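The structures considered in this document are given below.
Paired with subunit B in one complex and with subunit C in the other, subunit A is shared by the two complexes that follow.
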Partner chain A sequence: MHSFGYRANALLTFALTILALMCAMASFSDNLNHPTPTAQVQVLNINWFQKQPNGNDEVSMTLNISADLQSLFTWNTKQVFVFLAAEYETPKNSLNQISLWDGIIPAKDNAKFWIHTSNKYRFIDQGSNLRGKEFNLTLHWHVMPKTGKMFADKIVMSGYSLPEEYR
Partner chain B sequence: MQILLLASAVVGFGAGYVLGSFQMMILIYAGGVVLTTLVTIPNWPFFNRHPLKWLDPSEAEKHPKPQPQPQPQQPVSSKKKPSKK
Partner chain C sequence: MTENMGWFSRTLNSIKSIQIRPTLSQVITLGLVVSSALIIWKGFMCMTGSESPVVVVLSESMEPGFARGDILFLSMSNDPIRAGEIVVFNIDGRSIPIVHRVIEVHERPDTGEVNVLTKGDNNDENDRILYAQGQKWLQRRHIMGRAVGFLPYVGWMTIIMTDRPIIKYIIMGALGLLVITSKD
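For the complex of A and B:
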């Protein structure tokens, strides 16, 4: 340890190694968190339900989404990305997932929310299978950390269905 | 140096975890790194109060370093060769 450069190099590498270990421990501490989120979605109204000229069904609806995702936040959470997907089965595809709405929750205070909106993204089928279709609305979320592993999970809400005829 | 860095990391992590603040952990650790830099890197005179007394060069010439003697290998190998035959 006889020169500045030698000591500076040793200090810097050791400091960065310890920083990496601290970030790994911070990420590991996320596993100690057991979240209990809740969510509820109401389909208030089917605004219109048409068959496009290219043969695909399209539906527009107004939704009432309320959720409490506060328990997902830890000290190592940067933001939570949440999106609502409609899931259903058709003869052609065993699973169709259409994202209807998404949002970013930057802090724990904003995580208990209630939103009244029409679908942000268009609900278009591959084909013409939506008349009378039963579908699930699933709220997915990605907990994005400040450092480390990202956790993703969902709540499935079933029992929704579309009208038998076009409107 | 290593103890200082480790200690500031432990304190930082503990404080950050308890306070629920990632920023606090990073700030405390960065403070610890800066403190360690100030202590270890500059050439402080008080670390050099009692320097080692190195041997004077004129003294060193009077006592030359002993040279290693080459070890004889012949007896060992000549014993092995007859037994192989």
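For the complex of A and C:
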């Protein structure tokens, strides 16, 4: 009954239960954080704007992104994945989301940033609908925890539009 | 003579009573363990709506978010797929599912059919090279679920056991021996 194996088993079970409970509590504690992130994005320049030989519109732009995501970080946060997506509607698609830039924020100290960049991923439409198109730029973030549930949210910034002519 | 027979049958009975009942109760305990594990697994499947509710990360393509050996909890709801979500998808002709992030979504208005492009956070290029020959987009049917939760390191045992099957047999043998020899 009180053999070595029996005691080792009881100890292991108890240790694993406590560990699981602590993980669950750490994940739950993320719900107590109410973040208030802020972001601004400016389209500084349309570098070029053309129709590809296959008929799809493609645009290249220079962006200025500044954001303060420090309030997203808690003790259970491993990293925050942040990306900026262009979102718009066309006759063909009710929703188009195209990621233009993304980054990984490893720590709270890096969470207040400012970046001047051209789009990291290609901004290509399915078709030729981008001339004069109004679009939203949405800053999404995805909080990856040390353990437990993942969180995601976004800030939508509207009122951007593309030029009427290719250039 | 009768005295002798009585002793013999009494001994036989006592041997029978000792041997059969604990063995039966051990078999039942084992059955309970196996069936409760099965119930938990099937319960997870019902709750999450995903065919494989837990997956082990096998590659480094999502570092530093997910490392090799971490496990992910999946859910498959009818919610539309959106950029930024981490999805698990199966490519036709590939046996191992891939866990990557959605970076592009194009959704048709009437049918709700989607074209999705994915990329691993740690990869430089998007996943078109991983897709089937000539495939440009993922459709809804390729996607098995989206990652909702995360637990580090727990999947290492699985990776070790698939890399070295001998360890799997040793563990299974040891556990079996323990079940057979344990008295309580």
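Simple rule for what comes next: the second predicted complex is superposed on the first by the 166 of 167 C-alpha atoms of A that agree within 3 Å, B and C clash if a C-alpha of one lies under 4 Å from a C-alpha of the other, contacts with A are read in each partner's own complex, and residues count from 1 in each chain.
Here is the rule we use: a residue touches a chain if its C-beta (ideal position, glycine included) is under 8 Å from a C-beta of that chain, and two chains touch if they have at least 3 such contacts.
None of the values given here were measured: they were computed from a predicted structure.
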(request) With the two complexes overlaid on their shared chain, look at subunit A and say whether subunit B and subunit C clash or fit. (result) fit
(request) May I ask you to decide whether A:115 touches subunit B, subunit C, both, or neither, giving the answer as first, second, both or neither? (result) neither
(request) Applying the touch criterion given at the start, work out whether A:146 contacts subunit B, subunit C, both or neither, answering first, second, both or neither. (result) both
(message) Comparing subunit B against subunit C, which has contacts with more of the residues in subunit A?
(response) C
(request) Mind working out whether A:83 is in touch with subunit B, subunit C, both or neither, as first, second, both or neither? (result) second
(request) Report for A:94: first if it touches subunit B alone, second if subunit C alone, otherwise both or neither. (result) second
(message) One more residue to check, A:102. First (subunit B), second (subunit C), both or neither?
(response) second
(request) Considering only the touch criterion stated at the top, classify A:22 as touching first (subunit B), second (subunit C), both, or neither. (result) first
(request) Using the touch definition from the top, say if A:75 reaches subunit B (first), subunit C (second), both or neither. (result) first
(message) Contact-wise, after the overlay, does A:44 reach subunit B, subunit C, both or neither (first, second, both, neither)?
(response) neither
(request) Give me, in Å and rounded to a whole number, the least C-alpha distance separating subunit B from subunit C in the superposition. (result) 12
(message) Show me the subunit A residues, by the header's touch rule, that subunit B contacts in one structure and subunit C contacts in the other.
(response) 146
(message) For the complex, give me every residue of subunit C touching subunit A.
(response) 64-66, 82-86, 101, 103-109, 115, 121, 126, 147-152, 178, 182, 184
(message) Which stretch or stretches of subunit B touch subunit A in the complex?
(response) 1-2, 5-6, 9, 12-13, 16-17, 19-22, 25, 29, 33, 36-37, 40-43
(request) Flag every residue of subunit A that touches subunit B in the complex, lowest number first. (result) 4, 7-8, 10-11, 14-15, 18-19, 21-22, 25-26, 29, 74-76, 146
(request) Write out the stretch or stretches of subunit A touching subunit C in their complex. (result) 1, 5-6, 23, 27, 78-79, 81, 83, 85, 92-99, 102, 104, 106, 121, 126, 140, 142, 144-150, 152, 154
